[in-house]
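Following: one structure in structure tokens, then a few remarks.
We just call them A, B, C, D and E in the order they show up, numbering each chain from 1.
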Amino acid sequence: MKARPVNLLGRVYLGLVLVFLYVPILVMAAMSFNSSQFYMLPIDWSFDWYVKLAHNDRLLEAARNSILVALVTTVIASVLGTAASIAFFRYDFRFKKVLQAALFPPIAIPWLITGTAMLLFFFWSGIGRGLHAMILGHVALALPYVIIVVSARIKGFDPDLEAAARSLGASPWQVIRHVTLPYLAPGFIAGALFAFAVSFDQFVISYFLSVPGVSTLPVEIYTAIKKGFTPEINAISTIVIVFSITLLVIVSRFYRFGGDR
Amino acid sequence: MASVTVSHVSKSFGDFQALSDVSIEFADGGFYALLGPSGSGKTTLLRQIAGFSFPDSGEIRIGGEAVESVPVEKRNIGMMFQNYALFPNMSVFDNVAFGLMVRDTPRSEIKARVGEALELVRLSGYDERKPHQLSGGQRQRVALARAIVFRPQVLLLDEPLSALDKALRLGMQVELKRIQREVGITTIFVTHDQEEALTLSDKVGVLKDGKLLQEGTPRELYERPRTAFAATFLGDANLFNGIADDGELALADGTRLRTLEPLARSGRMTCAVRPEKIAIVEDSAQLSSDSNVLEAELEQTIFAGNSLSYLLRHGDTSLRVFAQNRAAADLQPGQRVRLAWCSADTIPVEA
Amino acid sequence: MAVSDTTTAPIRRHRPSNARSILGLTGPAYLWLVITILLPLAAMFYFSFLSDVPLPGRDWQVTLSNYTAFFQQDFYRTLMLRSLRLGFEVALWCFVIGFPCAYVLAKTIKGRWREALFLMVIIPFWSNALIRVFSWTMVLRGNGILERFLDWLIPGFGSLNLMFTYEAVVIGLVHSYLPYMILTCYISLSTIDDDLIDAARSMGASRLTVLRRIILPLSMPGIVAGAVLIFVPVIGSFMEPRILGGREGTFLGTVIEDQFTSVFNWPLGAALSFILLACVMVIFAVFQPILRRAS
Amino acid sequence: DTIRVLNWQGYGTDEDWSLEKFEKATGNTVEHEYFNSEQEMLTKLRTNPGTYDVVLINSAYTRQAAEEGLIQPLDLADYPHSDGLQPRLAHNPNLEYDGKLYGVAWLWGVTSFAINTGAFDEKPNSIMELWNPEHAGRLGWRDDAVESCQFAALATGQDINDPSDYDVIRERLHALKPQIRTFWNSENEWNQYMSSGEFDLATYWSGSAARSKQNFGLPIEFVVPREGAIAWLDGLSLPTDVPHPEAAKQFIDWMIDPEFYVQWDTEVGAPISANEQAVAQLPDGAFNKQLIAQLKEVENLPFMGPMSDETREKMLEVWQETKTFYQE
Amino acid sequence: MASVTVSHVSKSFGDFQALSDVSIEFADGGFYALLGPSGSGKTTLLRQIAGFSFPDSGEIRIGGEAVESVPVEKRNIGMMFQNYALFPNMSVFDNVAFGLMVRDTPRSEIKARVGEALELVRLSGYDERKPHQLSGGQRQRVALARAIVFRPQVLLLDEPLSALDKALRLGMQVELKRIQREVGITTIFVTHDQEEALTLSDKVGVLKDGKLLQEGTPRELYERPRTAFAATFLGDANLFNGIADDGELALADGTRLRTLEPLARSGRMTCAVRPEKIAIVEDSAQLSSDSNVLEAELEQTIFAGNSLSYLLRHGDTSLRVFAQNRAAADLQPGQRVRLAWCSADTIPVEA
């Protein structure tokens, strides 16, 4: 195939968008190496914040919790959300519109209100607070994202593929696992990544639902900015990002989900 | 294996009646060809049998059991879709292996049987390709292999060989027939290839506008079509419209055609004569006494490989005559010729 | 692609029932949603009709005043319109920037790179939103990174004065939400068969026509999903507007936040939120037929 | 025991060195939970009974918390260091409800504004400096309804806890429009903006000003205008179902211990202690000592007091309306 | 209109060589049939001509202009895809109207011409359907209508009629031919239907494994195939392997077959004889002097509508003979019969 100029233009454009997306990330990373606490320019390079971070058990622990909660949330939300989108695609039923409309409140109502409501409700119903409550809340927040994203992908699915699989003797579960899910992969992955992002970056709900001593990174950051915000936070965020990039790039080497071709 | 009984099945899409009151009995282990013009409801019928959608009324039984009570995956049906419905994410091997895999067949057996099936459809060596890397005919063959590899009880084939060249098609036909005989799979297949339908099947059904028009053995259908539609749809036919008179068909110009048995009814009638039954005769001596004879003017000769088609005109009826491409007469357009055929080949049909 | 008529057929007699599958597939997700979000929000909804938070030691009665407040105070409406405009603009920019990007990703990049780039698009998302916003302040502020860069590029460029403006809010929000649009468009675009594009072009359609008549309609599900996931949260957002918008950063979301954080007026805050929600739903109800026709 | 303290983050109770000392002295360890607004603090108290041992409550809210039964009355006799408390603060009416004391006065300070010394030739002494057109687009303002209205009330000579004429207040606030550069919400933001030169002057808290100046070396001066400033008082309280009452009392006592305060203020920077003895032990020239001296000269030093919900909602409405006006 | 010149075109997919050094000249206004087994590169060739992908080497010119310099949409090519590629979001009407719409044809003219095209493919009344509401054959017809409605200069048809029943197919063939004649569109079409290829086209090319094997008029190709593959691929052929000796072909059992012209080469040779050229003769009197005669044993008779196929065996060669279904001899399997054919019908081919 010959390289067409249009393709080249497209690639350059994609590159520019990536630059736009990564500008703040790079700034964040740069500031983690800046000894000035107030992001003063020019940068005074140092590793101070990383050294401090290494001793900050509270922040490290929070990071661990965040990752844990986000992972659990991602798994649960993507599974449940994908199941629901498959149902929306396959069947027509009376309450479908209602169920679809029910996805709006969790995204449309500011998290602050949802968080307050959750706190009250969990208190009242005895669910209480803690990581388990955070997971409950995060999954619920992530579900609409997963459902909406997966539904967008599933629209192009040829139902004959499912029919074919069933005629070949595949049980409903096997149909989903071998035929529907592989097709949905890009949507499923995107949904999962959103779910992870929603949970990992969720501070309001976590904040309301955390118990003392067991907090998450965003909670730490959110409370920190009120008083003692330090670039340690940049440092740990940088570590997380670098780690994710490495991990995901490795994953993408071995697993393809970007579509059929 | 299992017989398939379709009784009084109707199916509509919105206002559109795709099947109306179709009843067919597919014998256990039989090879049944479904014919019908495009849009006549063949695919729709197969889909009802497979259980992908349900008839609005009527019932379908497989091996005596009503299909509705058995989920699709428990029915052991191999269906080949008209658009193939290959799994785009799986390799050719995995596509074909799918039916075995979900049955927990041991790995080694899967390998052997998929290999066999791919060989059967002449695609050995294509195991690792993805469907989008195949040509149209190759995809069709993968779909075929996928449907037969796990030896289902009932095989539903929707135009299984339409994208193949003749040589491959013949090969596949032989294989299909062999498998069906060996394993005794009840096979229902849709085809537009007449020859295929006639040579392969034990029984043929003709659908039109969602109704079953006629069924019978290929020979029955070919030699004794009941309707003008069946006569022209399956094979070619010259139709003569006339009035039944004294057991014979009187055409507008007065020519009288005799039929195998004298016509019982009187009034307007149509008779069909297959083009290959008609000979262009040069001297009347060759004619036997029970021949029908007609004069006609040659309009065009069409070369079609192993045969020639003569298009002729008799009054305002166009006629078509086949001659095997062996020692066919060399005729010029405009020439008047004499046509003759056995009275036994003159079949009265419903218009 | 054919007949998915299983469900539209009138149900006349016993069929392998779909109800069980529907319940099995949607049940867990919705049970979860109901318990953890919808019920709590229902309680909030109830509060929005009270004069005060129903806690021991407080007087409260049922009232509509929280809702009427919205219509009595002009500034609520001003802010609502401002928020809607913000949501609309951000979604539009995300579409304008993100769609071509998704297209390049889905249609011209092949192989492993595509997966890697797909992931690269979302990773910025995993950094903390607050930190991201602070980073933007670094970039946008006077004599910040952007101005220095432009100054280096074009000596004597001068000042942009972007910080603490409506534009800064839009930039920050577009950055935050762009990945949604890119990814949802990408997953829709990747379902489009390339043959359709070839077919259209062979019939003489210019690239623009192909885009308008084939690609856009077929990727509509993704665009709509992206728009929903952007528009809806943006109109309720408060953090980016507060930090990047400065004096210009007052929107309905920030006002709602104030009701919760600075005065203990949950009922009013909740009422405002539900008015916002109602607005969103009405907008989507109005748009749905148009979108349906487009795709 | 491990006690749980509910407080703002970085507000004295969670200094590591102090907690070490406290643990060494009493054997108790301390865990923290933070809040970001008074309302949130109240919500947390309501929804987590029996969780917290010590809670910091701004005296403007103490009465409300007591009314709702969230905190319990206490006896200053349980706190040996309370004898040093300035009586005016120890028995501040805002800390009392129904004749009983509900909070141990801990810290106080004023809300006023600070200037960037680079932008001023001489230190202003009037609150009207905030409206001075010379500083158009250079003023930092905290995005807080009550505080904003109180500034306006102060500038127009009204009662900060119950202003009588909101129209005047609104007019004053509207007049800020050309002045404001941006709103700030946290001390950290304040520091960032100030250090990057966004502000010539900005409203601020005295305790934070001490930190910004001492710890971070920002070139600022805290201004106490002659018209007065908004004073506030923070108390430490015991929640109703306090799980570890003894340890909690020990901790509160440690908090008003001059030893703790002096170290805190000198090493980190703090508001003014309610304990006169503690303030007295500060080195000469300390920010808080100077501040106290300045405060003696002002005409008016009203304390933020309990406010009816109506007043607070009215203030919010005025402020939100004003902010909407800023958009136009 | 425009001629299409393909010169020395090669194309690989990875390691796989799909086209190698193909050169064909498609005459302006001609009707060209591309034949070839499944996977031989027909679709690949059409796609290069249309300009959807570019050859690795070689050049394609349309109307004298190199295609690479003209973007696809400027070429005025009507392409019908093997898998139809209908726009799923558009109705049948809009699909067909697309090519006109992008040419800014006035609304009323679009309406008229789409109506015409739909009538031509017998789909009037289906305007408002979406593609997924159509049967396979109906989709194919929409694709066909879509490709021809805007009267392109060059028409590329990839198995345009494979999903249609015979009657429709014949109808469409006539229409296609008419349009092509009237408008003079250069038409290149791929088909697996021999008869279609032979009756419709001015010229036929046979592809195999990405190489062009032979091209010529249908008659040339049929009557004088150059290779055994061409002989069996296009039509049926009995192949006799033997040794050229004294201008004749000597079979293993000593039978000698004469050919039209005495064989020039000597050594191992293959000759092909079409099954329809062979007669089963009862008395030798009928034989003319230049006939080849062979004894064989009947193994099976296959009924195929207008003809019968006899499968026979001579030594270890299987033979196939067609007889028109008119007065075919009634033979029993196992019977020994005598076959005879003109020496002129014995065609020497490359093995």
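To be clear about the criterion, a residue touches a chain if its C-beta (ideal position, glycine included) is under 8 Å from a C-beta of that chain, and two chains touch if they have at least 3 such contacts.
In UniProt terms the chains read A, C = ABC transporter permease; B, E = Spermidine/putrescine import ATP-binding protein PotA.
What you are looking at is a predicted structure, and each value in this text was computed from that prediction instead of being measured.
When every step has to jump to a touching chain, what is the lowest number of steps that links chain D to chain E?
Step count on the best path from chain D to chain E: 2.
Give the chains in contact with both chain A (ABC transporter permease) and chain E, ordered by label.
Expected: B, C.
Measuring centre to centre, with centres taken as mean CA positions, what chain is farthest from chain E?
Looking at centroid distances, D is the chain farthest away.
Quick check: which two chains are joined by the most contacting C-beta pairs?
A-C
Could you put a whole-Å number on the gap between the CA centroids of chain C (ABC transporter permease) and chain E?
Chain C (ABC transporter permease) and chain E have C-alpha centres separated by 56 Å.
Rounded to a whole Å, what is the gap between the Cα centroids of chain B and chain D?
91
Once you find the CA centre of chain C (ABC transporter permease) and the CA centre of chain D, what distance in Å lies between them?
So the centre of chain C (ABC transporter permease) lies 38 Å away from the centre of chain D.
How many angstrom between the C-alpha centroids of chain C (ABC transporter permease) and chain A (ABC transporter permease)?
Taking the mean C-alpha position of each chain, the two centres sit 15 Å apart.
Where in chain E do residues touch two or more other chains at once?
Only 83, 133 qualify.
I need the residues of chain C (ABC transporter permease) touching at least two other chains; which ones are they?
1-3, 134, 218, 260-261
Scan chain A (ABC transporter permease) for residues touching two or more other chains and write them down.
39, 116, 120, 158, 160, 172, 222, 225, 260-261
Quick check: in the complex, which residue numbers of chain D touch chain A (ABC transporter permease)?
Within the complex, chain D contacts chain A (ABC transporter permease) at residues 4, 8-11, 31-34, 36, 43, 47-48, 51, 186-189, 191-192, 195-196, 216.
Would you tell me which residues of chain C (ABC transporter permease) are touching chain D in their complex?
Listed in rising order, the residues are 52, 55-58, 73, 75, 78-79, 82, 134, 137, 141-142, 163-164, 242-243, 246-250, 254-255, 258-265, 268.
Report the residues of chain C (ABC transporter permease) in contact with chain A (ABC transporter permease) in the complex, numbered from low to high.
Residue positions touching the partner: 1-2, 4, 7-8, 18-19, 21-22, 24-26, 28-30, 32-33, 35-41, 43-44, 97-98, 100-101, 103-106, 108-110, 112, 114-136, 138-139, 143-145, 148, 175, 178-180, 182-184, 186-188, 190-192, 218, 221-222, 224-226, 228-229, 232-233, 235-238, 253, 256-257, 260-261, 266, 269-270, 273-274, 276-277, 280-281, 284.
In the complex of these two chains, what residues of chain B are touching chain A (ABC transporter permease)?
Counting only chain B, the residues touching chain A (ABC transporter permease) are 47, 50, 52, 71-79, 81, 83, 85, 87-90, 98-99, 101-103, 130, 132, 146-147, 150.
Please name which positions on chain C (ABC transporter permease) make contact with chain E in the complex.
Chain C (ABC transporter permease) residues touching chain E: 1-3, 193, 195-196, 198-207, 209, 213-214, 217-218, 295.
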